[in-house]
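Here chain A shows up in two complexes: once beside chain B, once beside chain C.
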Partner chain A sequence: MNDFMQTVDWSRAQFALTAIYHWLFVPLTLGLGFICAIMETVYYRTGDEFWKRTTKFWLRLFGINFAIGIATGLILEFEFGTNWSNYSHFVGDIFGAPLAIEGIMAFFLEATFVAVVFFGWNKVSKGFHLASTWLTAIGANLSALWILVANAWMQYPVGCTFNLETVRNEMTSFWDVLFSPVAVNKFTHTVTSSFVLAAVFVIGVSAWYLLKGREEKMAKKSIAIASVFGLIFSLVTAFSGDRSGAIIAEVQPMKLAAMEGLYDGEEGAGLTVIGILRPESERSSNDAAFYFKLGIPKLLSIMSYRDAEAYVAGINDLVNGNPAYGIMSAEEKIERGRKAVEELARYRDAKRNGDQAAIDEITAEFDPSTPEGEEFLREYFAYFGYGYLDSPSDIVPDVPLTFYMFRIMVGLGAFFILLFAVFLWLSYKDRLERYRWILWIAIFSVPLAYLAGQAGWCIAEVGRQPWVIQDLMPTSIAASRIGSGAVITTFFLFLALFSILLAAELRIMFKQIALGPDKEK
Partner chain B sequence: MKDKLVAIAGFYIDGFRQMRLGRTLWAIILIKLFIMFAILRLFFFPDPLGGKSDAERADFIIENLTEKP
Partner chain C sequence: MDTMIFLQHYWWFIISLLGALLVFLLFVQGGQGLLYTIGRTPDQRNMIVNTLGRKWEFTFTTLVTFGGAFFASFPLFYSTSFGGAFYVWMLILFVFVIQAVAYEYRRKPDNLLGEKTFDLFLMINGVAGALLLGVAVGTLFTGANFTVDRLNISDLGGDTTISQWSNRWHGLEALLDYRNIALGLAVLFLSRLLGLHYFLNTIDDAEIRERSRKRSLCAAVPFLVFFLTFLVSLMFAAGYAYDPATGAIAVEPYKYLHNMLEMPVVTTVMLIGIVMVICGIVAGGLKGSRKAIWMSGSGTVLTVLALLLTAGWNRTCYYPSLSDMQSSLNIANSSSSRFTLTAMSIVSLLIPFVIAYIWYAWRALTRTPLTSDEIKKDEHAY
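Then we have the complex of A and B:
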């Protein structure tokens, strides 16, 4: 492996590490803020001091998570500039604009209202304090919106045009970027899954108090709110997850095929519920892909196209092409991509040599306002990223990782719906203490909620490989041409820094939970 | 206006003074930001495109996109 490929691999590892740790801190902030706001609303309406005490306790845990997690996303932004400079330039303002809005919103909304939330008890009116708590929660979620919009654009690049002179994609429609189906669904799915995580967290901590025979009223009332909140949003998460399947079938069919371990496309394709994949060298067809699998007939076609007989493309179809279903082969796409890359290289040489005629000719090819330019961009530049691939099989992501993570995410999602329903029922019947084993399950469900979130991101990011921008830029080309030594060094620095932060959070969080609502230290 | 600004400043000063757990959290935030901006940003995050004009950046990227590493 040459040094540049080492740089690419370590840059990927570093970004994955940073994103994984970042997502350990973020989702609890997104969901717990709203649970606290609901509790404070009850206090505002009833005037019952019990609810003020309960709100303050959960806000304290929210504050710990917020403080430790704050700014971990900055490292990701640093990495864009250092490790992914080709990517950062190529995406231009499309990525920069949402990130800038995110930064401004985070600063003004969160920084202003978080201070009121934590310093303002008995100093500002109850109404203003309540509004601040809601705005803190909304602000955190709006911050998430912008970064998720930017990520969605990478999965489905819309609302932009390529500027040959600046070698950048430039935004042509902010609204197309903001309201693309991928962006809307990604935001809904990601944010509501964070609400689920927060609800599991509240139920888990409350279950611990019940097992210890402490703070029983607070624990029971918190479980009542969290189980309703969790049940509603786990159903929304499931619904948006189903919608994700249909969108992925349209815009990232290879990701869907990898999620299902589907090698040969089928009409009336079934959904695999569980299965064990064979080694890569043996997975040449549907029959050879699994040691065993259990599935539900037709369900994949229904989920993908809302039609039980619809055709769902498999990995082999997408690699080799399938003219019967209008699927172009990867080989053909590679040829077209290479043509686009060659034209870019010709433009580079023309600029070097001052060949104005060639510059004008190539500029016309990339001009979307002319029929010739529109055709070149549609028929060739749309496959630009393929021009860097060595072989058609390069378009296949890591199938086992994508396949198993999908089952972990969906399985845990279904488990959480059941968990919330059970806790809601036990809460309604006031029988929570009777079933101590269920309380233990709630405690052990907290890390599972984090696992589900990580699995979801793994599917989204591993499943779209080799692309950093779908069809336009492979990950290897996006990386900066820097020495691998610096990337390896920073990888281990981040590993140490984030691990210390996580250990600090866990230590402070456990200590505050053990102290309870009245004994902040 | 001046009274309002004084009241807002007092609100924050009072809030910081009365913090208990918050002091630990602020210490963590400040140490973390120091590590990120004073150490990592300065020594480990050089900007390959920094100091270049728009045209130079375009030339730099077009080289990277059209020549194999």
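Then we have the complex of A and C:
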């Protein structure tokens, strides 16, 4: 492997590291912000000091997470430039805008009102404080909106066209980018899954108090709010997840095939519930892919196309092509992509040699306003990224990771719905203390909620490889040309720093939970 | 004026304004660097950290927004500078990460590293953050070692990287140019000056006030020396000018001096800014005035704004390439498309609204100066 390919791998590792850590802190704040706002609203309406004390306790845990979420977020934003220089040029015209809007619209909202939330209790009116808490929560979720729009665009690049003169993709419709089905669904799914995590967290911490026989009133009331909040949003997460499956079938069929370990496409394809994959060399067909599997017939077709007999493409179909279902082979796509890249190379030579006839000819080819240009862009440039791939099998992501993470995510998602339902019922009947084992389960569910979120991102990001921008740019040519040694150095520096900060964060958090809310006045 | 040209100038103005606000907000860093100099007792240090702690998020957010806005409006700068001057930007990020947690964690029980370590984080960020940002901004005038060839991406099987750095130092070489160092040190001492003026404004403690007053004069001297060194060197420096019609780039002796003469409004803004900073220095240093921060702060914003406009307006390359002159970046050859700039401009209309609510919330929180008693009563104090 040459040094640049090592740089690419370490840049990926560094980005994954930052994203993983970022996602350990952010989801809690996304959901807990709203839970605190709900609690403070009750305080505002009733004037009961108990609710103020409860709100303040949860806000303290919110604050501990908030700071470190911001810190890791800063690195993520700048890493697009530091580590993914080609990417930043090639699509910066589209990708930069959401990041800037995120800063202007959301970050300042968060930063301004979070200071009022923490320091304003005795300085501003009750109404202003309540508004600040809501605005902090809204600001945090607005930040999530814009970065998720940006991520969605990478998975499904819409609302843009290629400009030959600037050699980059440029935005043609802001609304197409903002309201693409992938963006809308990704936002709903990711944000509500964060609400689920926050609800599990509140229930888990409250369960610990109940087991200890401390702060019972606060614990019970918190569970009452969190179980309703959690149940509502876990259902939304489930529905948006289901919708996500259908969208992926449309826009990223390879990701879907990898998630399912589906090698040969089928009509009326079944959904694998659990299974153990064989090693890669043996996974040549559906029968050879698994040691064993349990599935539900037809369900994958229903989930993907809302039709029990619909055809779902498999990995082999997408690699080798399947004319019967109109699937082009990866080899053909690679050829078309190369043609597009080679036209760019020819354009470069023509410019160097001052060959105006060739320049005009190629310019016409890339002009979306003419029928020829429109055809070239659709038939060739649409596969631009394939031009850089070496072989058709490069388009297959890591199947086991995608497959298992999907099962973990969905399994845990279903478990959380049950957990919320049980806690809601117990809370309603006021029987929480009677079932100590259920309280223990709630405590152990907290790390599982984090696992579910990480698994989700793993599917989204590993499952789309080799693409950094679907079909247009493979990860391998997106990176900055810095020596691998430099990236290895920063990788380990950040690993050490984030790990120490995580350890500090956890200790502080556990201590604050052990200390509990302020003494009653 | 052609719409595209207007948009490019407008966005360079926004970037310059964000940069100017960022330099003003570095008073947080300046104050952090003086934590032990001004705060002799734990009580005093707590007051300092708590008064800065109400503002650090704004500096941080402005830095992030500055980055995001630069990315959106001039993506080629983002991909060239960040991916090229890798070490410098990574160092900057590193010292900002350790800041972000330090406030919240420093006095929390069981914080693993201890209060002193988190205070050290604040001081490292306070000194290195301001210094390195100043050095990085210096390269907008002094240039950097990069080449840009967009069509590299067509080099199948070869080197497809568009923006390349021509040495292995990846940005650290900026530290070898005395002008970058001068600007870095000027920003550092300016941030300290502003930090001290901020203490005068927000802390109700006789010892801290007196110490801040005296110390502000000590910071003012090196600030003026380094700033004038940079400014004078800039007046004599050659710059790269581009021809808007052909895009060709050529050396122009005394380019920045010409810019000041050809843009009298910008120069006037800069002069007003410098005078205001000096008035702030006098008011803070001689009289210990609470209002010094408003003068020195507004002066800083005006000066930095004008300085950055001098770097990018008037057909100037704002990021000169020392390796290949024609690769140099200017607002015409590095901007986003007309569509994106227009969309972003509509969003930028929100900025006054954002500034208004920040102002409102600040006023609500800092109507009265901070006292030691208040911190003791506040359960969320840092």
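Operating definition for what follows: the second predicted complex is superposed on the first by the 515 of 521 C-alpha atoms of A that agree within 3 Å, B and C clash if a C-alpha of one lies under 4 Å from a C-alpha of the other, contacts with A are read in each partner's own complex, and residues count from 1 in each chain.
One rule holds in what follows: a residue touches a chain if its C-beta (ideal position, glycine included) is under 8 Å from a C-beta of that chain, and two chains touch if they have at least 3 such contacts.
All values derive from a computational prediction rather than experimental measurement.
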Next on the checklist: Given the alignment on chain A, is it a clash or a fit between chain B and chain C?
Outcome noted: clash
Item to check | Contacts of A:I64 with chain B and chain C, given as first, second, both or neither | outcome: both
Checklist entry - Just chain B (first), just chain C (second), both, or neither: which does A:K293 touch? => result neither
Next on the checklist: For A:G92, using the defined touch cut-off, is the partner it touches chain B, chain C, both, or neither? Pick first, second, both or neither.
Outcome noted: second
Checklist entry - Taking the superposition as given, does A:R53 touch the first partner, chain B, the second, chain C, both, or neither? => result neither
Item to check | Residue contacts with chain A in the superposition, chain B compared against chain C | outcome: C
Next on the checklist: One more residue to check, A:R278. First (chain B), second (chain C), both or neither?
Outcome noted: neither
Checklist entry - Is A:A345 in contact with chain B, with chain C, with both, or with neither (first, second, both, neither)? => result both
Next on the checklist: On the A-aligned overlay, A:R407 touches which partner chain: chain B = first, chain C = second, or both, or neither?
Outcome noted: neither
Checklist entry - If you stack the two complexes on chain A, which partner ends up touching A:K220: first (chain B), second (chain C), both, or neither? => result neither
Checklist entry - Touching A:K126 in the superposition: chain B (first), chain C (second), both, neither? => result neither
Checklist entry - Which chain A residues contact chain B in one complex and chain C in the other? => result 60, 63-64, 67-68, 70-71, 74-75, 78, 81-82, 85-86, 88-90, 115, 118-120, 123, 166-168, 341, 344-345, 347-348, 351, 477, 480-482, 486, 490, 493, 497, 501, 504, 508, 512
Checklist entry - Can you list the chain B residues touching chain A in their complex? => result 11-12, 14-16, 18, 20-22, 24-26, 28-29, 32-33, 35-36, 40-41, 44-49, 54, 57-59, 61-67, 69
Item to check | chain C-touching residues of chain A, taken from the complex the two chains share | outcome: 56, 60, 63-64, 66-68, 70-75, 77-78, 80-90, 92-97, 99-105, 107-116, 118-120, 122-124, 128, 132, 163, 166-168, 170-172, 174, 338, 341-342, 344-345, 347-348, 351, 387-388, 477, 479-483, 486, 490, 493, 497, 500-501, 503-505, 507-508, 510-512, 515, 518
Checklist entry - Along chain C, where are the residues that touch chain A in the complex? => result 54-55, 57-58, 60-61, 63-65, 67-69, 71-73, 75-76, 78-84, 86-87, 89-90, 93-94, 96-101, 103-105, 108-113, 150-151, 153-156, 159-165, 168, 170, 336-337, 339-340, 343-344, 347-348, 350-351, 354, 357-358, 361, 364-365, 367, 377-380
Checklist outcome for this item: The chain A residues in contact with chain B across the complex are 2, 4, 60, 63-64, 67-68, 70-71, 74-75, 78-79, 81-82, 85-86, 88-90, 115, 118-120, 123, 165-168, 341, 344-345, 347-348, 351, 477, 480-482, 486, 489-490, 493, 497, 501, 504, 508, 512, 520-521
